[in-house]
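Each structure below is given as structure tokens.
Look for subunit A in each of the two complexes below; its partner is subunit B in the first and subunit C in the second.
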Partner chain A sequence: MRYFDSFVVPFAVGALILFAVVLWKYANWFIAMPRADKKRVARGIFSRRTAEAVGEVISESLLHRRIFRVNPLLGYMHASLAFGWFLLIAVGWIEAAAYGLTFSPLWVHVFFRWFGAHYGLEHAAVWGIDFAFVMDLLLLFVLSGVALAWAKRMRSKMMGMRKTTRHTPGDRIALSALWFIFPARLVAESLTAAIYDNGGFLTGSLGNGLLRLLGPEVTVSAEPVAWWLYSSVLCIFFVAMPFSRYMHIFTEIPLIFLRRYGITSSEKESSFDHFQVEACSRCGICIDPCQLQSQAGYDRVQSVYFLRDRRYGMLTESVAENCLMCGRCQNLCPVGIDLNTLRLNSRDTLRNTPNERRYEYLRGIDPSHGAGKVGYFAGCMTLLTPRTLQAMERIFSAAGEAVWWADREGGVCCGRPLKLAGETDSARRMMEHNTALFRKHGITTLVTSCPICLKVFKEDYDLPGIEILHHSEYLRRLLDEGRIGVEHGAESFTYHDPCELGRKGGIYEPPREVIRSVGELVEPAQTRENALCCGSSVANLAIDDRNQEKIAVAVAGHLEATGADAIVTACPLCKKAVSRGSTRPVYDLSEIVAGHLKESAPADTPQA
Partner chain B sequence: MAINWGFNIARPRAVDMDANDLSITRRIMAQMPEFQACIACGSCTATCTAGNLTSFNFRRVHTLVRRGEYEGAYEEMGKCMLCGKCRLSCPRGINTRGLVMLIKRELEDK
Partner chain C sequence: MSKKVIIVGGGAAGMKCASTLRTQGVEVLLVERDRTLGGKLNGWHKLFPTLTPAGEVLDALKREVAASGAEVMTGTEVERIAANGVTVNGGRELKADAVVVCSGFDLFDARIKEEYGYGIYDNVYTTVDIERMLNEGRVALADGSAPRRIAFLHCVGSRDEKVGQRHCSRVCCITGVKQAMEMKELFPQAEVYNFYMDIRMFGPGYEEMYREAQQKYNVNFIRGRISEASPTFDGRLQIKAEDTLVGRPLKMSVDMLVLIVGMRPGCSNGRFACTEGVNLAPNGFVSPLNPFAGNVRSGAASIFYAGTVTAPKNIGESMNEGVAAAMSVVEYLNAR
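== the complex of A and B ==
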């Protein structure tokens, strides 16, 4: 056989196993996807979305733009490895093609330095390109990434990472193999360059140095060993790849395409989830933003570990349930994995126990009163913060709004806490019950002061013809339309973004505008998309009280550091949580509006 | 002749801690040691969303479970909506929502 040497065998076997396993996985996952998802792919494949996906693959899978945004050095490290290696393969291919070897076996392109030298292909600038120089430059680019990766292991702070992932033994093997690939390649190519004088500035000069150091005899006998070593390390990496964190290298690509075609994860597990789970590179960027790690010291529950446990079938309830689902990690995930939804559908798999007879007692229950086109759903948590309820009463009466009070005297939960606990089928019973109530009373606007309820109303309830508003949006509307008037006071307020309202609901401006209408707004350091979680989220079923309080104290301290007179939030649960740690007053948005109403007795005006 | 007094009195009943099988209770306690801190004050029950609508009494059920009386507890716990108000009102800081789920999980396998 032409163009063959025994040292390419490990490489060829490794590559064969790699592609066989990867394709087998993708085929199985795709076949198991629901028919509706496949139809989306069929519809999207010949549309603009494919081009957009290609663009995203280039910017994310090769250049890693999102990691650059987290930290430039970290971004450079990933890009030099991914993009650099890609270029080595691509330019290696072009080089072989320049010698007329376009359709030769894979190893000829990959080990072209060896084949070029041993088969007497003249080392010269082909097509006016000095390939030896270009390839050396690319190798140097990749090696700089490897050096940074080594440095990151010793001092991750250098790349803005307080904590990095604790890897499994399998990952460590793959990681070590990856680190050795490029130094092994450098040595192999240098030795060949020394013997055949075909190196560039890097391999050429290193080769000359080695020749002088080792002498010609040793150099000649070391050369095949070096190539065997290089090929073997490649083999180890390739075989480990589909079973380790490095599965992300390929999996991010189909994920980007499928996502662009509109496929999403939902509250029930589906085959598409495999693409998300295995696209996780376990980079550990999700660890630092996690307050369970930084404040509560839970070290094994972060998204990276959750996805790992789920992928290898060792997910426990204690890991699945110990998450605030605040979305801070999802916000930073460089692969854009829908972490909250995956956590949710894992809980569904672990916990959901359909029972048609459960919540039979809901039938016929209607403790609501009043009548009006506007319905107000306080939500369970608002019933525990009666000042919010009283403030809303005063605002409604000042605006002359006729209100249907859905649950002032107690009502049925919105269903989101059950859904977050994984009991998705039971949660439906509550949603059906409340939907029927809203229909029965003929409301056209539904106002809630609880972002948890708001989220479930918007996402899981089917309420055509009913406008769903958070009270911050409703209050802003009342102010804009002049239906209520407020006095602008001298107090300064800082605002705590509730996770369910901000990151998960996209409502950032309305509460801020309302605050500015009654006082001065001072933003905390971590705000909007980066806002901290209060720590008492109903999504966390495992956290204990002590740790909830620790997080609350940290958050309150962070808010108080603004120097504002008072803390304002727009979620009853956040209010309760932050109050535990704060020495300043904590108000719901409605309270400060009610306290500043014109022509109203300033009975409970917040005093600075 | 039975007279309707408008209320009735619970039949006298003793909880026999020796006769009761406490194995499930022990498992629950081991997984949530903070449950031992419960003083049965009833705040959880006073704020309970489900208790407001039905006869569901969380304090009664978890107290009975603590004493090894499991009958009907699973079905009763099924009435809970997991809204989490009880957790906010608990003066002992017990993760009551987690407790509901734990009791259900342990009794399911009984």
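== the complex of A and C ==
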């Protein structure tokens, strides 16, 4: 072979194993994907979506803009390693090409500094670029990232991370190999530069230094050792890559494409999930926002550990079930992994054991009463917070709305708590029951004061011709249309965003507008997308009550720190949870509206 | 020179402690937040298990205090306690050689259990409301009529993790039994149901009273908590519960729902715990030095406890602790 030296063997073997394993995995995952998903790929591949995916790959897989948003220094650290390395490879290839070695073996590009020197290659100057300088600059860029990564191990706070991931032994090996790749490369290239005088500002000067320090004999004999070392660390890293956290480097790319083609995870596990699970880099950005970690001291259940356990087949119920599914981590995940859905379908796998007879009683149940185009579904939690129910009744009557009360006298659960518990088939039974009920009574609008019910109505119910509204949206509409009139008071309110309504439902403005119509709104420090979870989420099946209370106390303290007279929320569960920790009154949105209703609605007064 | 002791709180324990200390020749200042002495006893009608009128016990205590010559300061709230005295509202500091904390308990606010509709629907009462109505001599529904079916619900704000009250308040079981019997006396035709988790009849004569309620008064006891109450169209209350002995859910319409509210730690406990040696137990009550020989002593040598400031107790136990605390104070003062 023309361009060869024995030291390239570890590198070549490592790279071969890497690509074989990665391709084998992708092929298997793709083949196992449902037909519908494959059709989506076929439809999307020659569309604008492919171009969009390429754009996203550049901005996210190479640069990782989302990490910059978490912390600029952390973003730089990652970009210098990921983008820097990519540039080293790309420019290295261009350099080899500039010497006329476009189609030479891979190792010639990678170890070009060695091949160029040892084979005495003639530079066929391309655009007058000083490649030695550019390559040294890029190496310095990468090395700065390595230095930061070392510093981060010692003081993660510097990069805005209170806690970082506890890694498995495999990850530690891969991580150490990664850290040694670039220093090894620096030393190897410097020694070659010292002997052949082909270095740039970095390798050249370090090479001269080493030459002076070691003397010519030692330098010459150290050079092949250094290249062997560099090639060997690369080999270790490549072999470890598909089995460690570094699988994310490649996996994020197919994930971005598949996601752009409209493939999503669902309540049942599917082969697409592998792309999401293995795209997790275990960066640990999900740990800090988790209130289970910061308030309750559960530090082995966060998304990073959940995905790791799931990937290696070690997932236990205690990890899968100990999650509020508040979505705070998902909001920050740099890879944009659909963490909640993956947690959900893991629960389905672990727990979905439908009992056909258990739900026989559903047949024929219809305790609803009243008649009207507007249906009101209180949900279990609103039935347990009857002030909300009472307030809604007053508001409906003030607006002159004819209402069909779906479940005031007791009804069937919306199904979301069971779904979140992983009992998806049982949940389906309840959904079907309620769907039939809603259709039977001919409503055109369905109002609920519970964001948990709202979420499942929108997501899982098939209700054509029925508009689904949260009561905050409905109240805003009544106010906008002048169907109810309210007095603006002097009280100040702070608003707690329920997770199911805000982060998971995208409804932020309507409740705020309603609050502003009756008083002053004071925003807490953590609000909207970053709002805290009340801690009593029905999604957590493992948390104990004391820890729920700890979270509630912290959240209440955070809301009280605004100095507002009262706390307002728009979820009966949040209301109950926050009141456990609060010294100020906690109201549902409907209560403050009902409390500020004008004696007679404008609709009743004669129009001039 | 005689020694001086400040007693924080003029309820059963504080009053008993004051008169006992006086018999030992100690100067006493009894500081009470309300305008009158007596604490919660002022609100009770008849006391279990003997149905002794609360006024009898209270009057005897008041006479003892008056006769003892203890100085009484009512309408004064203690802000802070210290090893050598207390600070009362307004910032005035009162010096003493020892302090006995008898600040008692607070009642659980039944509005927190919103699902029972207290303060939302008519005819949902607490046991405290019933005592008040008994004292006023008129127990009736909101429309003035007599109830035909009454449900008592035990453990409202006791042994309930959902509201952060994990402890047993002890005296509510027998209170519920007593009031159920009183309701049967007042309304012999009415059906009376008690919904309970466990019936804990810890005191002398309590178990006998519980049996009497079932056998003589025909009070029904159903093991199971009520999950929620809601108004019905005809102005009654519908309750949902589970009869856990039969293993079946049940619904029932009643005219009156009585919530047997528990005890929660006094609101001043948190303030007092800022003092060196005064510590709170996880349930929020003040934690005595140890639960055996040191159950009226704190971590500070000159600060003592008596009554429900440390845990739920009945009146007799609280008074006994008043005596015990007084004797510990004397022991401490003599040893100085």
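FYI, the second predicted complex is superposed on the first by the 593 of 608 C-alpha atoms of A that agree within 3 Å, B and C clash if a C-alpha of one lies under 4 Å from a C-alpha of the other, contacts with A are read in each partner's own complex, and residues count from 1 in each chain.
The definition used in the following text is that a residue touches a chain if its C-beta (ideal position, glycine included) is under 8 Å from a C-beta of that chain, and two chains touch if they have at least 3 such contacts.
Not measured: the values here are computed from a predicted model.
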Clash-or-fit label for the pair subunit B, subunit C on subunit A: clash
Touched partner set for A:R387, first subunit B, second subunit C, both or neither: second
Partner chain(s) touched by A:P417 [first = subunit B, second = subunit C, both, neither]: first
A:S579 touches, of subunit B and subunit C: first, second, both or neither? second
First, second, both or neither for A:D545, with subunit B first and subunit C second: both
If touched residues of subunit A are counted for subunit B and for subunit C, the larger one: B
Partner chain(s) touched by A:Y361 [first = subunit B, second = subunit C, both, neither]: first
Residue range of subunit C overlapping subunit B upon superposition on chain A, of 223-231, 277-285, 295-303 or 313-321: 223-231
Contacts on subunit A seen with subunit B and repeated with subunit C across the two complexes: 383-384, 410, 545-546, 549, 576
Residues of subunit C that touch subunit A when the two form their complex: 112, 114-115, 117, 120-121, 161-164, 227-228, 230, 240
Subunit A residues within the subunit C interface of the complex: 383-387, 390, 408-410, 545-546, 549, 576, 579-580
Partner subunit A, residues of subunit B touching it in the complex: 34, 47, 49-50, 52-54, 78-79, 81-85, 88-90, 93-95, 97-98, 101, 105, 108
Contact footprint of subunit B on subunit A as seen in their complex: 317, 321, 351, 353, 355, 358-359, 361-362, 365, 367, 380-381, 383-384, 410-413, 415, 417-418, 421, 423, 430, 536, 538, 541-546, 549, 573, 576
